[in-house]
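Note that subunit A is present in both complexes that follow, paired respectively with subunit B and with subunit C.
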Partner chain A sequence: MPHADVVVIGAGLSGLTAATRLAEAGAVVTLVAKGHARTHWGSGGLDIAAPHAARTPADGVARLAALDHPYSYLAPCVAPSVAWMMERLAAAGLPYAGTLDTPIRRVPTAIGGTRRVAIVPQAQSAALRPWGRDEVLVVAGIAGYKDFWPLAIADSLAREAVWHGADRPAAVVGVSVELRGLGDRHNLNAMHLARRFDEGALRADDIAAIARAVERAAEGRPGRVALPAVFGLAAHAETWAALRAQLPLEPFEVPLVPPSVPGIRLWRVLRDRIRAAGGRVQLGEFVHAVRVEDGRVTAVEMEAATRTHAIRTEALVLATGGLSGGGLRATDDGRIVEPVLGLHVEAVEQDAWLVRDGLDPAGHPVEAAGVRADPDLRPLGADHRVSHANVHVVGGLLADQRSIRERCGDGVAIASGWRAARGLASDATRSPIDCEMADSARTEL
Partner chain B sequence: MSIADIVREATELPVSRSADECLKCNVCNTVCPVLRVTDKFPGPKYSGPQGQRFRLAHLQPIGGPGSANPPSPDASVDYCSGCGWCTTACPAGVKIAEMNNQARARLREGTRPKLRDWGLGQTDLTGTLGVAFSPIANVAMRNRPLRRAMELAIGVHHKAPVPPFAKRTFHATWKRRQAKAGTGSGKAQPGPDKAIVYFHGCSANYYEPHVAEAAVWVLRRNGFETIVPDQVCCGLPLISNGLYEDARAHACKNAKSLARYAKAGYRIIGTSTSCTHTIKAEYEEMLDMRDEDTRAISAATWDIMEFLLDLHEQGRLDTGFGRLDEDLPYHAPCQLRSHGIGLPALDLFALIPGLRARDMDHDCCGIAGTYGLKREKYDIAMAVGRPLFDKITASGATVAACDSETCRWQIEAATGVRTRHPIEILAESYRAMDRARGTAEPPGA
Partner chain C sequence: MAVPHTVDVLVIGGGATGAGVLRDLARRGMTSLLVDREDFATGTSGRYHGLLHSGGRYVGKDKVAARECIEENRVLRRIAPASIEDTGGYFVATPDDPDDYVEAFADNCNQSGVDCDEVRVADLLAREPAINPGIRRAFRVPDGSIEPWGLIEAMVADARARGSDALTYHKVIGMEVAGGRIETVTVRDERTGSVSRVWPKFVVSAAGAWAGQIAALANVKVEMTPGKGTMLVYNYRVTDAVINRCHRSSDGDIMVPIHSVSILGTTDIKVPDPDDYDITRAEIRRLVDEGEKLFPSLREMRILRAYAGVRPLYQAPADTVAGAGNRSISRAHAILDHADQGVDNFVSIVGGKMTTHRLMAEQTVDAVAQKLGNTTACTTADEVLPGMEPGHHYWVGHRLADHEAEGGGDADLLCECELVTRRMAEAYLDTHWPCSIDDVRRGTRVGMGPCQGAFCTFRVAGLVAERLDAHTKATGRPAPGTEPGTPEEVGHAPGSGSLHAAIADRALTAFMRERAKGVRPIASGRQLQELMMTNLVFVDVLGVESLSTASALVFEDEEAVDAAR
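Up next, the complex of A and B:
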């Protein structure tokens, strides 16, 4: 049976973070997941904390840390872990803009609404700057590409209401750009366009066509251009640099409905980093059982054709996400369970699953369901004691976060994945940039 | 419902019902190699879970009552190559590729199969005739005008990779050798700890007996004699051409011949990842065969690399590998992924001193069994494999490796680089050791 120091289950941001840090610290780490994760349908930005009324991510973290929330013990890890992550992304040619102290601001979405963000990929960052009085926003789409309708988006963004009182462009215009050979294609998706820019053969022509269209639409006014987030995967950096150099106005990418090209860029950087550090990343592996002896996990079993295939391990990072990731499942008789280890789940009774306003600022009650953990992220049983000594629970599976409303999913995923890896890397390989504060936070608890 | 029940439900979700798990996230569309290159196929999300909405009224097993109902909203499902990437990537566990395959079978149901699709499924017939008339057949298959005529008559693309027939089948050679040695008569057969049953399938029997010979040789070196019972084609070419009834007949014949060995504890080892996967999983999953004999042979079947790696993990593999100083581009075939056993060939290559084996990390070579042979799909298949071919050509290597026969033929035809089964590489390394030790067998032994 193959053996690993640590098995990580889940290929979302939390699992990728933990596996990256463990592999870099020299641990033998294998990440298994049944499939892709939120990376492929998120925005590619890092939502650290933007609960209602928070001014900056740091402010958001502080507000959430005061509640029953994973940030109540993870807060000290947020700054070092996010810095750690941004360093790695930048080194791989995928720089991010913003810090924990960047004001949270409203940026346009692909359906002509706005959403609140602070830390985003560089290619999305021009949307964050306050709008000048005379600035026009040109929304430029690609003819034939159905996930980004520039005229409809422009119409919607011209309405004051979608900006919720924030400053906004003086005018919004939409324009659809014809790119060579795309007219007769149906079925065009974001990946097709991203690969077209990667291949590069038509890149210069395409960019020139977009530049001409934007020039005409802007009519000499200053301003910015909103574009669908499709500008390259592997060759994103070159494509974006060429685009910035050619366009008459400063561009920004708008993340789209899934599949998310910015999220896939993020996934690729982390996957490659884990592999380069000697770790393994295996998709299509459904973990259906875990062997436990004396409260310790000893092996992870995956579904395979005819015979189970297992990995022996010293420790487990459970990064299976919440209800959406498959880390939690709801049963017909009204319970929410954690199917891999049968961990104790904190959740509201079924009667409370239905609420009048699913998007209430307080969050949906079911969103908070999950596994409670100690500050070392080890799972707690119904008796509030650690139930499995060598298991670390990270990311969306942690209880007491309402990530869609609090917009804390990425921050919790990064901070917890990073923290769990630190606890697991042996003393000899422990990395020097550890967060001492996390330890003091623990002794206080 | 217990946790075990939930896990079982998620693991054993019938193919047709797994559509209910679809989140509509589009992740499958980002990984589909066919959608990447053509508009003729609407992509896994539409052909799989969306199309399934229209088929769910007809849940009866194929061939059962009610199955004459309208099969599929759209015949484009025929453009799915069956590579299985969508199923691997889906975050929700939807069995998309399997769903497409069943939908295709329904399309074919009740209509007379195209001569070509029927013919491509009759690998034993083609093989037997081909080997019998190999001098003529091999010349004919290299003859351009004849191949063009064949394309017109039966729709097999004139450039599609078709390997030469062997002069004699492996099975016949083996029988003859056994007769000479006087084995089989009287002598006691070694037990299941000293012998394995070999499933050669069609490729090693009719086209590549050298692969079978290498397997027998490597197994003997590791203390296992080989038993070669009567057998027929596993049936996969019939399954992938939607001819389930004929495939069932094949499965029954194999079960009849092999089950007594399986029940006596012998392992059934194959050198074709696609045959072994068919026996392991598709007899039950696609053909709905659940009888005792079929189950016994499914449970006993191993891919040869999986088997050797297992020996190694038990410390029983002869690791006296000789030095092979070369670059070896390796392509992991799609069928291997469906086994869920990782990449055992790469793990074994790592034991060979000097060998620089490198995973080409490309989704699919395009051929997908018989898909790329077809007139209307040849160009799609070549476009799907193009990045892989380019990488292999750019590597400058003179030999490449791949576990699956049709992929080897496709890669070899497209790149001109000799492409071998991993077992041949292991055999070569053992021989290098023998030469170094001065214990090499005389040629021809």
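Up next, the complex of A and C:
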């Protein structure tokens, strides 16, 4: 039976973070997951904490840390872990903009609303700068692509109310750009377009067509351009640089409904990093059993296509996500269970799971369901004692976050994944790895 | 559209019955106006089970109702073929069903004129493998499924072609009775709040479960016993034919395939208020527990949503039987001439079924005609409805065929789940604009499939914006419904600046609200997971909540309307 120091289950941001850090520290690490995670559904930005009224991510973390929230013990890890993550992304050619002290601001969305962000991929960052009094926002879409309707978005963003008091462009105009050869291509999705830019053959033409349309729409006014987030996966950096050089106005990408191209870029960087450091990443494997002896996990069994196999392991990082990821499941008889290990789950009564109004600012109480952990992220049983000594619970599976409303999902994932890896890596390699980031990294953030 | 001052007949209620009455009146030369407080088919006619009854469900206890059903079943197949799918139906005897009922079933059908053939259990199981293999006997009957939205539109179109009209979102809020007649009826435009009065010669209340409320406006007593029924929509065709249990009708004993889904129903619970659609988990449990007797693997199937409707059951003063449950109240209908309570020009049509709506309308209009001295004969049973080709039933593969005809895989799909192409949505908008995205949903099924609108609602909004823009560019003028100073249309928030942006807001925020509502009672397993995933996309990525306050006006309006109810 193959052997690993640590098995990580789950390929979301928390699992990727833990596996990256472990692999870098020299641990033998295998990450297994049945499929893709929230990266492929999300915006590609790093939402650290933006509860209502928070001014900056750091302020948001402090507010949440004062509640029953994973940040109450993870808060000290947030700054070093986010700095650690951003360093790696930048090194791989996918730089992010913003810091924990960047003001949280409203940026346009693909349905003509606004969302509150602070740390985003460079390609989204131009949306964050305050709007000058004379600036126009040109919303440029690609004709035939169905998930970004520039005229509707522009119409909606032209209304003061969707900006909720934030400064906004003086005018918003929408324009739809015809790209060569797409006239009769239907059912395009973001991935088709991203690959088209990756291939490069039509890139120059496409960018020129966009530039001409933007030029016409801007009518000589200063401003910025909102574009669907489809500008390349593997060749994103080149594509984006070319786009910036050619457009008459500064562009920014607007994240779209799944599949999320910016999220996939992020995912690929981390996957490659784990592999480069000697870790294994195995997708399409469903963990169906975990062997436990005396409160310690000893092996993980999984199922892929037709075969099943097992890995012996010294430790387990459980990064299977919350309800949306499948790390928690609601049973017919009204319980919420953690299916891999049967960990103890904290949740409200079934009758209180959902609020009547899906837009209630407080969100659905069931979002807060999850596994409670000690400060080392080891799972707590109903008796408040650690139930599995060599298991670490990270990311969306942790109880007491309402990540959708608190917008803390990425921050909790990174901080907890990083924190769990810190403890485990020192066990596995018997050589303590540096725990805290240097002060220089902190200010760089 | 302005409310006219005078009409021959004012019809209250835009469900199947009211639309049928409007059509029949118009065909006999009585120009009429129909009003509904919401869109067509938003009352019980949009919240029923979808069964075109063969009558088989009534043969054991109400032979009159059974006979009416089979006769009208034949009529509707002739006049409204496109709204009907000829699924056929079976009554199957599970081990739980009483022998004496099963033994007498075929005979009972015979006596009511319901065609019924016993089929071999093995043959049925081969065709419908989801059915409990333990069934003992099976009988085939001419059940079908019937879709309300197109049917009601066609009836209204027929009436409009003859000079009558219908106004949606116009609620009746008052009546003035003098000298033994209704003199005036007050209606309020629910979108603008403007109130107008109509002087009708005659008033027909086809307000279904709300008939008691309408009658009360004229100081007339109509005792309704609203019976709420809950149904579960499964995400694919569990069976291709309607499957009933062979016993006295009860909860969770019938599955109706309709379009791409199957609907399991129902429950029957007395509710004091016909606007009470709250679905309890106990009801869901009961439906699934009972449904499992028909379909052993039911629990593994995915439920898309739960919805409920309220039966317009009428409690005739004489047959008030103490202690009787709701299912013993007659499903048959009654025409109440309120002359006996001192109002001469007012009838209510209550009770009945979707399947018998045409007959109910005919009998109602007979009564009105007699009073107004009109002797023209009823023709509604003979004339095929406009837009429906004779003999052509709905066929579940038609969407795929249409889609293939438009180029198949590469045709422009707005809604992948229900195969709604851009062309279909545009055709709907051509004839219905200005309208809401919810109207487009009812008209085209966009958003009715497994994603429940998550990934197509905003595409329809985008399409609307493109069309408005194209119109303005082509004509140099604002598109209809967007001119400054026109009365606000569906969803238009005054001052918000853009009609279509407001419509989009309303649809997108309603999606968030309604999705939770439809899933709340059934939230477990994959439903809950999917709700959380769409929440994530809608809130985190799309910022939907930023729109909800942008259109606060629209929602304030709605709350005021609710409060007034």
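The rule is short, and it goes like this: the second predicted complex is superposed on the first by the 420 of 445 C-alpha atoms of A that agree within 3 Å, B and C clash if a C-alpha of one lies under 4 Å from a C-alpha of the other, contacts with A are read in each partner's own complex, and residues count from 1 in each chain.
Everything that follows uses one rule, which is that contacts are C-beta pairs under 8 Å (C-beta built on N, C-alpha and C of every residue); 3 or more make two chains touch, one makes a residue touch a chain.
The structure presented is a predicted model; accordingly, all values stated were derived computationally and were not measured.
Asks: Could you say whether A:Leu249 touches subunit B, subunit C, both of them, or neither, answering first, second, both or neither?
Replies: In the superposed model, A:Leu249 contacts neither subunit B nor subunit C.
Asks: Using the touch definition from the top, say if A:Thr114 reaches subunit B (first), subunit C (second), both or neither.
Replies: Touch status of A:Thr114: second partner only.
Asks: Quick check for you: in the superposed arrangement, does A:His164 touch first (subunit B), second (subunit C), both or neither?
Replies: A:His164 sits against subunit C, while subunit B stays out of touch.
Asks: Could you look at A:Leu64 and tell me whether it touches subunit B, subunit C, both or neither (first, second, both, neither)?
Replies: neither
Asks: Just subunit B (first), just subunit C (second), both, or neither: which does A:Asp332 touch?
Replies: Both partners, subunit B and subunit C.
Asks: Regarding the shared-chain residue A:Ile9, is it in contact with subunit B (first), subunit C (second), both, or neither?
Replies: A:Ile9 contacts neither subunit B nor subunit C.
Asks: Which partner chains sit in contact with A:Ala37 here, subunit B, subunit C, both or neither? Use first/second/both/neither.
Replies: In the superposition, A:Ala37 contacts subunit B only.
Asks: Could you let me know whether more residues of subunit A are touched by subunit B or by subunit C?
Replies: Touching more residues of subunit A than the other partner does is C.
Asks: For A:Ala217, using the defined touch cut-off, is the partner it touches subunit B, subunit C, both, or neither? Pick first, second, both or neither.
Replies: A:Ala217 sits against neither subunit B nor subunit C.
Asks: May I ask you to decide whether A:Trp353 touches subunit B, subunit C, both, or neither, giving the answer as first, second, both or neither?
Replies: A:Trp353 contacts subunit C only, not subunit B.
Asks: Which parts of subunit A are in contact with subunit B and also with subunit C?
Replies: Correct list for subunit A: 41, 185-187, 257-258, 324, 326, 329, 331-332.
Asks: Can you name the residues of subunit A that touch subunit C in the complex?
Replies: 38, 41-43, 47, 106, 109-115, 144, 146-147, 149, 151-153, 155-156, 158-159, 161-162, 164, 174, 176, 184-187, 255-258, 260, 322-324, 326, 329-332, 334, 350-351, 353-359, 361, 363-364, 366-367, 404-405, 407, 409
Asks: Can you check the complex and tell me which residues of subunit B touch subunit A?
Replies: Touch residues, subunit B against subunit A: 1, 3, 6-7, 10-11, 23, 25-27, 29-30, 35-36, 39, 42-43, 87-93, 277, 280-281, 298-299, 301, 313, 337-342.
Asks: Going by the contact rule at the top, pick out the subunit A residues touching subunit B in the complex.
Replies: On the subunit A side, the touching residues are 1-2, 34-37, 40-41, 185-187, 189-192, 195, 257-259, 264, 282-286, 288-289, 302-307, 309, 324-326, 329, 331-333, 337-340, 342.
Asks: Can you name the residues of subunit C that touch subunit A in the complex?
Replies: 281, 299, 407, 409-414, 454-455, 458-459, 461-466, 469, 496-498, 500-501, 504-505, 508-509, 512-517, 519-520, 523-525, 528-529, 531-533, 535-537, 539-552
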